[in-house]
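Two complexes follow with chain A in common, the first pairing it with chain B and the second with chain C.
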Partner chain A sequence: MDSDDEVNSVISSEDLGGDADSSVGDFGGDDSDVDFDELQEHDGFDTQEKDLKPRKKAFEIDHKVYSPEDIQRQQDDQVAEVATLLEQPHESTAILLRYGRWNKERLIEQYMDNQEEVLDKAGLGQDVQKSPPRIEVIDGFVCDICCEDTPGLRSFALKCGHRFCVDCYRQYLAQKIRGEGEAARIKCPGDGCNRVVDAKSLDILVRTDLTDRYHQLLMRTYVDDKENLKWCPSPNCVYAIECGVRKRDLTRVVPTVFCDCKHSFCFGCTLPDHQPCPCSLVKLWLKKCEDDSETANWISANTKECPKCHSTIEKNGGCNHMTCRKCRNEFCWMCMGMWSEHGTSWYNCSRFEEKSGLDARDAQARSRQSLERYLHYFNRYHNHEQSAKLDKDIFHKTEKKMTLLQSASDMSWIEVQFLEEASQALQRCRQTLKWTYAFAYYLARNNETEIFEDNQKNLELAVEDLSEMFEKPTDQLSGLRVEMMDKTTFCNRRRIVVLDDTAKRLKEGVSYNLHFYGFGVVC
Partner chain B sequence: MASMSSKRLQKELTKIQGTLPPGITLVSAPDLREWVMDISIIDNPIYPPNETYRMRFSFSPSYPIEAPEVVFVVLAAPERKIPIHPHIYSNGIICLDLLDSQGWSPVHNVESVCISIQSMLAGNTKAERPPGDAEFVRSNRQRPRDINFLYHDPKV
Partner chain C sequence: MTAPLPKRIIKETERLQTEPVPGISAQPHDDNARYFDVTVQGPDGSCYEGGVFNLELFLPDDYPMTPPRIRFLTRIYHPNIDRLGRICLDVLKNNWSPALQIRTILLSIQALLGAPNPEDPLNEAVAKQWKDNQAEAIKNAREWTKLYAQPKE
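Showing the complex of A and B:
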């Protein structure tokens, strides 16, 4: 498996973001410099970040959530504005704006330069018929689609004059809208005719179920055309998000946005939140994991042997602090090392110990080490993914027990909420941790890496600490409420430290380990 | 709508049973779902004048709102080959924007499609298959209407 050679060839400094000094800090607002020393350990769990609304952190990005009604209004407003300027009816202006991909300024400029050409290209060419299109009965009319010539046949034509019977027109429109999902550029059925069917004509011809679908499709193209708008990728979610981050910014910012449906995703690539790892590395990493999935398969196994007595141990919770039922040996599921050493200065569970280049002189040793290195990070990445699921399972079980407990004791529903909050914090933190490992895999080693690894380690310890509490017997949980809330707050803070630090470093430009033991490239 | 395609095809049939342009003949129209047409090309050395090519037209119930599916077919007797052309694959599939939902107009009919294909062959100067023909013919399991062709040359 020589997949690391692949990485070398896949990444170029271009992939990781071209020119070094473009757009540093021209997004994400002010350079927030919150002093994290003031966020030390226990200063009360009653101040949630949300409630305080502190200054924006380096990893936060301005964005706005829009409902379909908001989006419709946005379109209507722009149509109204441009219609007045160009002295065109609304439905034609809408066609012009769609043709110009909603770039108002450019459209107006082009229109002023060469009105006829723009109208023609947009599908509003030469008017043969001056009067507004309507359904008519014309003597001697033969429909070119169905060849019908019955007297009294109702027909319709756009301003291009290509006339067809109303039935054929309807079927044609239904086929385009329902069958082909077309809306913005449905052309006249006439052969080679470029005339675009406008919303008003559509209203005359078809029933509301089809016009509803038509407007839905138009809204899709509107959002797709706008670089600063994206649909929330969550299934069945109807909201769109506006965010000013541009493609070229994506090496320096990981724009996680929050939809009103509670889904958080990356505005750059629409994958679920992957802070602090930039989009391009996420793509590389996922590709690598896919390519190497067989090699890494054994890792997903949920059973391992106790390093001391070799009895089989099954992992059934998210916490990595394992205690062997047989010999009571406490060890770490990740590195299989003694748990007692974790949290001390020798702790190196999260960091891969790079051996010196001398040890890995020949190709075989290098390739072996590159696999080990990958597995180290993949292991941890994968583990947090799995643990997050296990944490959730345990929470659901606990939740049921808590409901019972709640009715047995005199705890109110509000008082039981701390479990939910702890569970959510665990999910979020593990999500972040997971991506810190993918990020770390590509990170070049330097002084700053150590700060990153320290932050990562601290978050990991906080997470395991909290995760462990979920495995406590339910009857003890109510007594642990305050402690658990404390640990939840602490986890959230640790996560912010990791994200804020990496976000600041990304903005300044990070060195990546593109070649295994060679040079790093700053991009 | 079945009645729509039947009515229209019936009218087309009556017309082409009467007259058709030179080089285009109706072979059979057993029902209103599938027709077979022959074409030959005059005045192009790439296509010998004694060679005739066979096309199969398949119509969906929503014809002519939807384009017909048109392919060349091979036959031993009488001998029918797939004409060589940069937009005709060796399995008979034709890459022609007229037959795609974007380029199709319901005003077109069997006769006008035959004329378009005939003139596409008549104007051809390259005795070659589309790029990637062998691979496409080996791997394609899609019906022509489901293939997303990229029209490199809008003039054909």
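Showing the complex of A and C:
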């Protein structure tokens, strides 16, 4: 279908990914700036070992999961390292590193070039007072914020010398941290002063509940600033993931990562796992589905299914005499009944016969064809998505089935475990299948497409088989145990075949159908 | 739930009466010492010259940790002031410092009348006019000042 469009407008992902990394590199690159290829595990020199250890698949991505404690340690280590180099106290070094978005090399370079300017910009400008900031009682002090002048009033000033009473300072910090969620760049309360409040001063001034929040916020900024770190997007999850895949790699790799909280997501766009479909296509596809929901409404209003073969038929003009293009069934648009049962009074097709209508019909046919093409992929995508949305239901259903099966047969809990494994395999495979359809929509047709489609079909068949077994009444399930276990393994294997094949292909550069991809889209 | 008025507000209010800022007045309400009736005179040489603009100013509970709320009551043709009288001014937002005061804020507002900034607009239509046809914009501002901002005898 649509072969004309595809032949004329094929482009490879090489071209599409062209300048994707122009935005990276300023403060983006850092110590772990390794090319994606280098991340692939090296083969052991011992062939035996290689055979024992399962080789990493092309779609598997190296990544690490970090706890908040790990992240804190990372920051502390870097601060310690740079502090020695710059001969600055730790708290000032931390401010400098945050200012430089944790790009050590670049910061050190800039610092060596123009120390004064860097210090000033970072919020560590000219020191008015040399001694380290501490709480003091100063004779004749009046606080500019609260106008208090009681003798013995405790006050505090950063090195800029803007002095305020401790109470006001505390309220100010609380407002910034709790009220505004600010941490990395809280400035001195003095009007127009750029001096940044350091962690040590904060510890002197506020109580632990506020310092905890402060450090939490600092940690947020740290992870947000590092290109190779991302928070797990799962709600309430505290872990961060490290992954070396860069923005510029995203046309060639779909970096699915697995958090310790069991959530799997794409490191590139943080959406739930969408292998094998690359991020930019996912974005396009989701946008298309959104935009086309109106089209979809139109379709439901203007098309009907042939009552015999169920293929989609669009009503053209005022004629109610419908003939299915596929099975040649003739029926009435109004009542969906057989046309032969209608008298000629219904026949109202004169407009259709007009010559002027010919071109219009052609255009209509083309647009219908492209709609049908979209619908073909969308319906399959949607079907698997719906199944994936039933995630929770299926899980509960599985648990119930497992309990039932356990009491109905002599099986132990361990022995009924195969049901949960089957259910998980189903979920995983449907997730993958769903995205193969979005991917396929944008794929240009060539010899390799057939292999892809075969793999996809095989996975889909396996999944539907397993799904069917799963629906069997509980009393039949124990008899199906071995068969289901085999099918589960088979499904998982078919999924790996799909993912491995597409991952390899992506790496080499895939040809997309520009007609559907859209011009000038580089994500 | 009326807490005693903080020393800071008492001092500021006193000083506004004893050392008034030229061209600016701020009078607290008898029944609410945090609510001020404000007038600002259009700066000499600006297109608001001769106008007297009424504003309302309110000091929130957490003042001076958060800035005062302030709004024009008199209609004014200005790219940084919208139809509701809200003002786009950095010191009222990100650049607020608790060391700033009512008088400094009112001075900033007066300065804003003298130097409209159509590059950072709050009122898109006026800002566009200001950029496309400045003479016309200034004429409008003058007319509005005559129309809405005349001092009461």
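Keep this in mind: the second predicted complex is superposed on the first by the 382 of 523 C-alpha atoms of A that agree within 3 Å, B and C clash if a C-alpha of one lies under 4 Å from a C-alpha of the other, contacts with A are read in each partner's own complex, and residues count from 1 in each chain.
Operating definition for what follows: a residue touches a chain if its C-beta (ideal position, glycine included) is under 8 Å from a C-beta of that chain, and two chains touch if they have at least 3 such contacts.
All of these numbers come straight from a predicted model, not from anything done at the bench.
Enquirer: Taking chain A as the common reference for superposition, should the pair chain B and chain C be classed as clashing or as fitting?
Expert: Partners clash after overlay.
Enquirer: Which of the two partners, first being chain B and second being chain C, lies in contact with A:Asp191: first, second, both, or neither?
Expert: Both partners.
Enquirer: If we overlay the two complexes on their shared chain A, which of chain B and chain C does A:Gly140 touch? Say first, second, both or neither.
Expert: neither
Enquirer: Looking at A:Tyr172, would you say it contacts chain B, chain C, both, or neither? Reply first, second, both or neither.
Expert: In the superposed model, A:Tyr172 contacts both chain B and chain C.
Enquirer: Who does A:Pro473 touch here: chain B (first), chain C (second), both, or neither?
Expert: neither
Enquirer: On chain A, what residues does chain B touch that chain C touches as well?
Expert: 144-148, 164, 168, 171-172, 175, 179, 189-193
Enquirer: Under the definition above, what is the set of chain C residues touching chain A in their complex?
Expert: It is residues 6-8, 10-12, 62, 64-66, 95, 97-100, 104 of chain C that touch chain A.
Enquirer: Spell out the part of chain B that touches chain A in their complex, as residue ranges.
Expert: My answer: residues 1, 4, 7-8, 11, 62, 64-66, 101, 105-108.
Enquirer: Spell out the part of chain A that touches chain C in their complex, as residue ranges.
Expert: 144-148, 162, 164, 168, 171-172, 175, 179, 189-193
Enquirer: Which of the residues in chain A end up touching chain B in this complex?
Expert: Touching chain B: residues 144-148, 164, 167-168, 171-172, 175, 179-180, 189-193 of chain A.
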